[in-house]
Each structure stands twice: as structure tokens, then as C-alpha cells.
């Protein structure tokens, strides 16, 4: 089966091409093309995954480009980590395709939507199967393209245009880091292949400083893609895209690619403490920072977006603290429950046609399936015991603690509290109380939308059991099979679980008090600490600062340069031309029509010649 | 001098000159004897036949070696052959041009033009063949005097009068200056024969008067620069070219200019080749910077002022000053490529400049104005004429696939062959770029502007021939330059040039 | 017979030449301009004759040269005057300053 | 046939010129079709040439040599004859560029169907220019190179000056003067080389400068001499490329010239500068090139950033693209300055890739201009709605331009930077800023056109028709083909690249 694995990414690509060419004719039927062509890879991914479970890694490559004596190859690689990613990606992608069939019903550009989804799925599958850094980078950019196109799907909305542009450019800033890191690694190692790089790292061919530098540069790429500080601002804006897109790209798969990148390059990071610390600190700070913003947002999707940023920070924190398995584990569970939350949110939006949680309420009764599913997701992400998020978050906290990063550990605990709080703030405001919206008829979504949610709901509950200290550490064993992954211990102190559980329950309880019971005033913070609350509400004014400093700065600089270009660079040229014309004018003035002047000029010329010759020839000396 | 001696001369070698002389005499008599009302146009055909016969005669003698007769005053060598060829071709084309020039003038004076043109040609040919200062001078004056009259041929035309008067005054002054220089050269050597002077100047005794010698050289050079219209004696050219009838302008800018270069090379180079300078260096090397400066100044002044011209004749007058500056470069930096560079460029210049004036004559006759706007929209009106004009102008600007480019390439080669004349080549190239402005202004008028007046320009036979010959030659010399160059190398052995007849 | 040395003739000729040049370049009257040019040519003649008699390499050709010069000068004067006539007929002036229709 | 194949190829457009000359000027359709077939013939011949070409060999192939002109210099002792030959031949690099030329020419000819009026002279000039371009890449002699080089100048002058927009004449003149200056410097350089070495053949010159010794040479020309010649070459080709601050002419041309002409100009003519730098600068003076490589790298980065920064604030889409060309040519310089396999290969890739991408972009701008009569970004919005195909291709082209993987622009960007990071990492790191800026200005322009709300008066725009689809799709297909499988192009130029780099001792 492995030798046919390369077909996996090509199926969605086929879907993309078919829909581009035939979309006009297929119209609504396009959805089926997209769904079938992601169903096949899903099946294949499972086959590959289970094949991998028992077998060896697989790698196949062909020459792609020759640079001097270095041959750059293109191919696929199947190892434990990426076969797991294959399953996650193709599963979520398939479910989102399915869901979109219902969600996008009636939109006239359905073929285009499914084409873009196909392109994205192709790129994401290609990314995880890449055997070398260059190929990974290429697909890395292509998933960015998919994200860009889908964020801007509602092209006529200026906000969507803005958001798409922002997403592309912000991630590109990070990509440049990856680009440089990749090139530096190439000149150190002489190859883009992961294996060669790890060999070079292991054999100490690279200096320690160079390892740190390249690792951090590669991490910059991950920062951009995974929306970590300070390049996180595009991700909330990316919510301008259709909600299924948010679920697929901006929750489950693409944004997790940054985490995947760090995980893939883990031997490189592991060789440098400074790099690991950077990853951990950025992750930890992002986790609490984004969670705090999530507390005050009013847009259902934005809350989820900040939650995603925060959770990605968690994963980074795990990786930076040596919790390789914990990071990947959380990536997996998060993919399921966050996709679930987004799809549920989409279902809500589908029903009430607004994203403002102030205009929702009491939907639990009306949305009989969405409500409970959302609740499952919320509980999972909050780390409610025995749900998937509980296990993975637990391991992250344990890894952080064991690594001795106590500051970050407590930050993570607080972030966990925030997470529980804002998720249930969301839940209570949307699903309980009275309906505050304007929509008259609120219907539950059709089965094609709820089915994927149910699947994800089941996974959100059960996915945690693949790696627990109680039932078995399947995931750790599996990931540990590849020689690349260093193992983190799973023997965490029990009190960490207890504290984490208490904290998340406290968060849920606080949310209950404020938003359900009303025992505490909602605007307690804004009344007592107005400045703090407005800072948080406005996302710490980071967007504004970026706009004022970087965007304006670049624009002013550009404008200044274009003035220089126009007036100085061209001015010099124009000046030269003007000088020529001035000289010409002067010359033609001398041509005054007086015949005697002409003779005189000749005579004076002659005398000058003679004089100069006499002087220079030494006649007078 | 014995009759015997006279009879012993090989008069056959003078056949081209004699044919021209004869034709001029017969024309002047015919013009005198013809009835007043009779059309003189057909005299042009006779004159043209004369030139053609002379050309044939010249070709028949191509294989001859160096022969000198008349006590070494007349010398037939490769140099004279090569340049007489230019004069004859140029004059022939101008005669064809004049045949169709009907502008304004009554027919009765046309006859004068034809025989004056022939006498001017005779003067030029004598210059090419002279080996003596006196005959050189007489040839020069024959050319000059005929040209003065031709410039003022339109007696009723104020501009023509004024041009002629300016020409004669400046010409007189230049003659005096030239002669003044020559008198010192004679004084220092006591000889008038060029090769005898060469010999005498090579003698070390001349070293007592080295300064005087250089002065004499510079004075003569400045005097002669009148003929080629370069700095400092260039200012008359625009006015005279402007005022004179177009065929005369063409003659002045092509044949007369070529003759000026001939006398310069013949006289200054032969006589001063062995002369010592003030410092250790030979004289010719010592004056190089001065000549180079003058050449550079000509290019700069010509090309700059041409930018401001609205009158097409004046524009090409300034252009011809610049062109003369280019041709002066190989002379200023004397190298092994000098003769072929000068000769080839003059040949190219002959075709392209006569071509230009042929078309100017056509177009301005149609519009009645010599303003550049008469060319507006020419491409729409008469595309072929516009294309031909474009080819000529591109050639003057030195674009490849035209004769002008090969000519310029040769000049560059000679400028850069012997050491540090990069700055001169630099000036040449920079002013060439400046010249694009006005050359392409003409092209722009023809192609980009819309026509101000409707009407196709019709081409009479004579001008058609001239244009066709010029276009074909310009292109052939540009694409297959070896046709001319090999002819030059095979037929003309210029090593004869510096050595006296045995 | 005592003879004046060569430089005296040369200086005389130079002075004459300069006077001629000065006249040719400054006089308003076209006729005087033409005559001044004659003066310059005559200065040359003095040079030639002096050189051929007293020069470092005396020779008869100088005098022959001067004969030709005289002739040519005459022809030149004739042509010049003829052109001036034509001009005068059209313009009714012999003032050199007014002959500036052609310029720039 | 092989003996004169290149000559036939180079002069094949003349056939159509002759036919056009005798076609009545009012027969619009036949004139256009003759013009188009006139460009198809060289394309066919170029493909035949490609088939005849042996990719494995680094030698100049399909040589032709005819004695043409010989100058004789009279020396005191003996005369020296300096011959100039008519020499054609191709190596991998020039072959690729010939193919590029013939492809872009065909597509530009298709794009020329919308030209207003005077089709006869338009196509005559167009085809003459193609002769010049093909000749430039096929010649093996500097003299011939120069002739063909100038042969592109005159038709271009007319094409800009007659068929351009409002300020066409000014653009034509500034094109002429700048390029005239460039070629003037080139001429001096060539003559100096000729006088020093007695030959103008590329191979012989390279050999002389590498090994010394030749008929006319007394000794190998000194270091200063070589360096100044190289700098003069840099200056001359710097006008063409263009290198900041010699770029202002190019902006005017891009703004004023008709779109198909800009396709040719931006697609091919600018590339002559790069070709010249590689073939002459690197080919003849490798050691000196190494000496100034750092400055070239700086120039490259300056070009890259200068163009990119200014492009950000332009309001006219043509200007955005013009500055983007300035910026992208910086990448060529960056690649060359790297002086290693990756860098030089990247520069060559960039030459080809930018040729295709900018041709495509300008073609699309032409399509938009033809429909809307403006090229100001403000006047555009939301064209996806009415022109989905055109918008799609435009977005794709923009993405290709900003170096999206899977398209040709990425490969060249990657390799150029890959090269420079090996030798001059700090400069290269500064240069990567350009990658971000490119995304900024390209997306700004492209999205302003395609995205956003559609204004009412633009409701009736017609999407690409079949005639317009051909160039758009062909170019896009080539861009993607190179991006997906770059070795296709890499193999063709490999041997040539090796022989160029052998001059640097590695």
C-alpha cells in the first residue's frame, strides 16, 4: 500500500483541477466531486496509518532539480508522525467537505469553494508527507495559498479582502524566517533531507550557534503559520472566511502545521536549549495572552479563534518543554474538538445568521443536536476530566513542570482557567437564557452538517484515550518508534491533574455565576478597571500599533522613496537634459548672423590655440 | 620648359580632369550661345555625361601606379584616385538632384550652375592630385570661387545673396590665414613641392625654428578648417547652408567638405610627417591634443546647437559640422586605420547626406517651407520617402545595418587603436547620443505627427534615381561593407602616399 | 647694398595682416571689408617674397607663389564685389551689420 | 540544413515582413494573421533547433561562420588584418532565451490583435524587432551582437512612439536616449576589445582573457583594463536590465507602450541585459567579476528593495508592475553575485521566469485596459464577478510573481538566495525583506483589481475570449510547468552553466 501513498494528495488536487475546469457545468454537484475525492484519501490514509503501525518507515524520491552537484529530490515519506497527521488531515478535511455541502448550500460559487478546499487539502497532505525541508516549505506556502483563497472567498467584502491579504503577508513574514533557516541548513548540511539534517546535528557537524540560529529561524516560520505572538493578528481576522474553512484550516490543520514543523524538526530543536526555551516561552506567553483576549470578545468565531491561538501556544509550550508526545497529542485532540466547536458555531451561525453572541441566547432548546455537541467540545477544551482535552492538557502541564519551567507552568495553569471561563461564557451566552436575536425561525442544521459534528464529538470524547497513563500509552509508543522522537516521560505527579481539573472547573463555575446565574455583574471588570478592560477588549491594541508603526511606516517610507525616485533620480536626468538644452541655447545665441563675429571667433580660436601652445610648449620660459 | 618635356608627359593620367574641363568649357559656351528662352535643364544631362565619362576614365586608370607630371606638381597616386572617386560620384548625384530643382528661379541662370559645379569639381580633383603648394592652393581657390558664386546663384533671393556674401567674406579670411601659414612653411623650407618640404622638414636644421613651424602648422590648419566647417571656422556653415539652394548645400556639405579633408590630409600629413616638434616628440604627435580638442569641440557644438533648430536645412548644417568633427577624429589621432576610416566615412557620408538633401528638396518644394514641420505625417502621405529618409537619418546617427555605423565603427577603431584617446571616443559617443534627439525628431515628425497638409509628395525621375542610389548604397555599405573596403584595399595602396615619386 | 633683415619684413607683413584682419572684422562697409581681405592677402605676398629672397632657404618658387596669390586675390575680389552688387540690388545696403537674416 | 539553421531561424520573421510589405494596408484581418504567422515560423524553427541541440555538451553548437568584414591596419612594418566574422551559434543559455523569445513573440502577436490602426507597419516593426532579439541570442560575435542589439532599438522606438498612450513620444525618446547611451558604452567596449585582441568572437575572447596570448596582443591586458571594461559592461547592460538608478526610462516605457509591446519589452528585451552580463561579464572576466561581486550583490539588493518599496504606493497598476520588474531584476543580480551554481542558475531561471510572468501580467493589464480604458487601481474593483477567468489568471500571475512555490518565480528566487546565502549571508538576509515586500505590493495591486465590491458601471465587462485565452493559458502553463518540474529547464542550461562557472574555478 505504501507505494501508492503518493496518490493520497493527488486526489484532492484532481478535485481542484476538475472543479476549476468543469465547475460551471457541475454546479451543485461539485460538492460530490469534492467529497468523494477526499473520501478516497481518507480511506487510504487509514490504510497507511495502520500499515505504518506495524511496519517500517517508507520513503520514495525522484530528482527534481540539480544545483551544481547537489541533487534536490521530490518524494514522499511515511513515518509515525506524518501518518498520524495524514489521518487527522484527511479525516477533518473529509468531514468539513461533507459539512460544507450543507453549509454552502445555495451559494452560487460552490464549485470554486470546493475547488479551493481541494487545493488546500492537497497542499496540507503534501506538506505532511514531505521528506525534505524544501518540499515542506513549498507545500507550506501552498497551504498558505489555500488559506488565502478561502479567507477571501467572499471576495466582494472589503473585510474579507483585507483579511486574506493580511493572512498571506503576516504568514509570509514568518515564512521568510523558515526560508532563511532552510537555506542556512542547506549550506551546513548540503541537503534538504530531514534525515541528513538530523545526522549532521547528531554528528556535531554544525556548530551549536548555527543549530540555535537555524532552529529559531525555522520556529519563526512556525510562529507565522500557527499564529503565535507577535504574528498572531491574522488568525482572528481570518474568520472572515466561511466557517467550515475556519474549522478545517484555522483550527484543525494548517495552523497546526507550525506545531508539526517544530515536531518534525525536533532533533534540531532538541540539540539547542536556547531554541527550546524560545519555543516554550513564545508558546506559553501566547497561550495566556490569547486566552485573555478571548475573555472579552463578542464574536463567536473570534472567541474560538483566540482560543485556537491560545491552544497552539499550549502545543508550542509542550514542544519547547521537551513534551514532544504531549505536543503532538494535544495537536490531535485539539484538531477534533476545535473542529467540532467551529462546525457547531457554524451551525449556530447558519441558524441565526449572525456571529454576535449578544444577539444569541437560549439556543440549546432550538438546536437539539448542535447544543450538546458544542457542550462536548467546550468541556473537552476546558479539560473536563475524562474528555480528550483533559488528557492532552494534563501531559503538557506535566511536561512543563518536569522541564523545570515553573513560571511557564503557572502561566499555563492560568491560561487553562481562562480557557474554561471563556468557553463557558460562550456556551452560556449562546445556548442558555433568552434569545436576543432578530431571526424569527431558528432551525437545526440538516443531517449532512450534523453528521460530521457527531463524528467529531465522538472523537473529542474518545481521542484522549490513545495516550493515558491509565489505559496505555499507545501514542507515545507509536511515535517513539521512529528514531527521531525523543521520549518524554509520562509519570507526572498526580497533583498536577488535580490542580488542572480544579482550575478548569473553577473557570466553568465562574462563567456559570456570571453568565447564567448573574450573581456577579458582567461588566464588573470594565467598571472597576476600565483601562485594563478596554486594553484587553481591544486585543491589547496590537493591530493598531502594527498599523500605526509598521504599515504606516512602510507606506511613509515607500512614499518618501517614490518622491526621491521621481524628483531626485529623475531630477538628475532631467537636469542633465536641461543642461544640454541650456548649452544649446547658449550656443545658438552666439550664432548671431553677423559675418564678422564668425570671422572673429575663428581668429580668436586660432590665437587661443597658438597661445596655449606657446605657453604649454615653453616658448615664454 | 621645353616643348619636348611637355610632350613627354603622360597626359592620359589627367584624362578625368581634362574631360571635366572640356565639359565645363563647352557648357559655358553653350549657355552663352543658347537663346535666352531656351531651357537649360538639358545642359544638366550633358554635365552628368561629362562626370560619367570622367568616372569611366578614372576607372580605366585604376591599375596605374604612381605617376607624376608637370614637374611633380601633378601627382597621380592611390590617394588621389580614391578621393576623386568620391568627388565624381558626389557631383554626379548632385547634378541629378539639380536637374529636378525647380524652385523659384528662372531658367536662364541654370546653365551657370552646371558649369560652375564642374569647375568646382575640377578644383577639388586638382587638390586631390596636387603635389605642390601652389597647385594645391589654386585648386582650393577654384573650388572656393565657384562655390561662392553657386551659393549666391539665386540672384533675387535675399537669403541666397546673404549666404554668398557671408561665404565670400569668411572664405577670404580663411584663404588669407591659410596662405599666411603656408608662407611660413615655404619660408622655413624654401620649397613648395610637398615632398621636398617633407624632406626639408626632416632635416635637423629646422629645429632652430620649431616654434614657428608649429605655429605655421596650426595657422594653416585653422585656415583649412574653414573648408570642412569645423571649430573654430564653423560658424559660417549654418547660414550658408541655409541660404544656398539645396543642391548647392548638398555640394558644400559633401563634395566641398571631402575636398577640405583631402587638402588637409595631403598637405599637412605629407609635409609634416617627419617634422620634429618642440619637445622630444614628432610635431604631429605634439599637436594631436589640439586637433583632438578641435574635433571634440566640433562634435559638441554641432550636435548641441542642432538640437534647437526648427529649420531642416540649418539642422543638417549643424549636423554636418558634427559629422566633420567625427571625420576629424582619425586625422587627429593618426593611426594605421586613418585612410580607410576617413575614406569610408566620407563615402558613407556622401550617400547619406546627399540622400537627406534630396528628400529635403522634395519635401520642402512641396510645402514651400524649410521648417521641420513640413515633414509632419510624411509617412502617411508618402511612406516610401519617409522610409528612405529614416534610413538616411539612422545612418547619420550611426545605427547598424547602415553605412554610417560601419563608418563610425572604423572611426572608433582608429580612435582607440593607438593609446589614450578614450576621452575623444567618449565625447564622440556622448554627442552621438545627443544627436539622437534631433535626428529622431525628424523621424518623429514623419511617423508620429499627423499631417498638417494633405498631399502625396511625388518624386521626379532625377531625385528618384538619387534617392534609390543613396538608399541602396547606404544599406549595402552597411550590411556588406567589405564590398567597398576590399575595393579600397585592393585598388589603393596608400603606402605610396608618403613617398615621393622616384 | 645694405639689406634689411628678414624679421623686419615679417613684422611688416604681420602688422599688415593684422590691420587687414581688424578691418575685415570691424568695418561696417562691405566694400571696405573686401578690401581689408585684400590687405591680408597682400601681407602674405610680402611674406612670400621676403622669404624667397632673404629666407633661410631662399628660392624662386616663393615669388611664383605670390604671383598666383595676386591673381587669385583679384578673382576673389571680383567675385566678392559681384555678390555684393547682387545683394545691394535686393537690399539697398552695404552695411555688414544689416546682413543678419540668417542666424541662430 | 543544420549548417544554416540558425540563420534561417534568426531571419525567418523577414519572410512575413516581405509579405506584409505587399499587402494592402486596409486589409486588417489578413495583416494581423500574416503578422501572427510570421511569429509562428520562428517558433517552429526554434523548436527544431532545440531538437537538434545536444543538451549534454557545453560547446557552442550549430555554428555558422562566414568571413564578413576585414579591416586592415597599416603598420610601419607590416599590415595587420582584423577580420570580423558573421558567426552564429547557441549554447544552452542562448537556446533557452531563443525559445522564450519565440514563444513570447507569438503570444504578443496574438495580443496585438487589439492594436488600433496601422497594422501593417506595426507588424513590420514587430517582426523586425523579433529578428533583432533572436539575433542577439544567436550571435557568437560581439559585432553581430551589437548590430542585432541596436536592431531591437529602432522598431521599439516606433512601437512605443506610435502605438503608445498619452505620453508615448516622451517615453519613446527616453527609451531611445537611455538605451542609446547604454549601447554607446557597449560599442566603445567592443571596439576597445577588438583593438586589444583582434577578435570579437566570444569563445576566442574568453580564451584570450583566460590564457593570454594572441595575434595582436603584446601581453595579457592588465588588471585595471579588465576591471574598467567589466564596469563599463555593467553600466551598459545596467541600463537595459535596468539597475537603479538607471531605471526611469523603463517605467515610462512600461506605462506608455501598448501592452503587447510591453510584453516583449519586459519579457525579452530586459533580459538581454542579464544575458550580456552573464555571457560577457562573467564569461570574459571571471576573476574581475569576483572582485566586484560584492558590489553587484549590493546593487541587486538595492534594486530589489527599491523597486519593491516604491511599488507599494503606486496608484497605476502599470507602474506597480514596472517597479516590480525593477525589483525582480534585482534577483538576477543577486543570483549572479553569488558566483556559485545555485546563484547563477537562479539568475538564469529568474530571467526566463520573469520573462513569462511579466509577459502574462502585462497581457492581462492590456486586456483590462482595453475593456475599461484606464489602468488606475482606484478604477478597478471586484472583477472576479464579471471576469472570473481573467481575474483567476491575474491572481495566479501575481502569486507567481511573488514567488509562490509550484510556479517558476519561486524556483529562481529560491536558488538566487540559496546562492547568495552561501557567499554573502548578511546581504542576502537583508534581501529577503524583498520577499515580504513583493507579497505586499503584488497582493495590493492584484486584489484591488479582482476583489472587493463591483461598481455598477463595470457590470458589463466581458471575460476573456478565446483569442485572449491562448496567451494567458499558455504562459500560465509554462510558468507552472517550470515551477513544478524545474529540472526541465535546468538540464538545458546545465552544461553551459558549468562552463561559465569553470571560469571561477569551481
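Couple of notes before you dig in:
Order of writing sets the labels: A, B, C and D. Residues in every chain begin at 1.
FYI, a contact is a pair of C-beta atoms (placed from the backbone, for glycine too) under 8 Å apart; a residue touches a chain by one contact, two chains touch by 3 or more.
The structure presented is a predicted model; accordingly, all values stated were derived computationally and were not measured.
Simply put, of B-C and B-D, more C-beta pairs touch at B-C.
In terms of their C-alpha centroids, the spacing between chain B and chain C amounts to 26 Å. If you average the Cα atoms of chain B and of chain D, the two centres end up 43 Å apart. Centre to centre, using the average C-alpha position, chain A and chain C are separated by 96 Å. Averaged Cα coordinates give chain C a centre that lies 64 Å from the centre of chain D. The multi-chain contact residues of chain C, meaning those touching 2 or more other chains, are 21, 24-25, 33, 96, 99, 101-104. Under the contact definition stated at the top, the residues of chain A that touch 2 or more other chains are 588, 591, 593, 595-596, 599, 603.
Contacts between chains, counted with the stated touch criterion, involve the pairs A-B, A-C, A-D, B-C, B-D. Only residues 335-337, 339-340, 379, 383, 394, 399-401, 405-406, 409-410, 412-413, 416-417, 422, 425-426, 429-430, 432-433, 436-437, 440, 443-444, 447-448, 481-482, 485, 489, 494-495 of chain B touch chain D when the two sit together in their complex.
Listing the residues of chain B that touch chain C in their complex gives 133-134, 137-138, 141, 144-145, 148-149, 152, 155-159, 161-166, 168-169, 171-173, 175-177, 179-180, 182-184, 186-192, 200, 205, 209, 238-239, 242-243, 308, 314. Every residue of chain C that touches chain A in the complex is listed here, in rising order: 21, 24-26, 33, 96-97, 99-104. Across the complex, chain B meets chain A through its residues 165-166, 169-170, 173-174, 177, 211, 214-215, 218-219, 222, 226, 231-233, 235-236, 238-239, 278-279, 286-287, 290, 294, 301, 304-309, 434.
Those residues of chain A that touch chain B in the complex are listed here as 580-581, 583-585, 587-588, 590-591, 593, 595-599, 601-606, 609-610, 612-614, 617-619.
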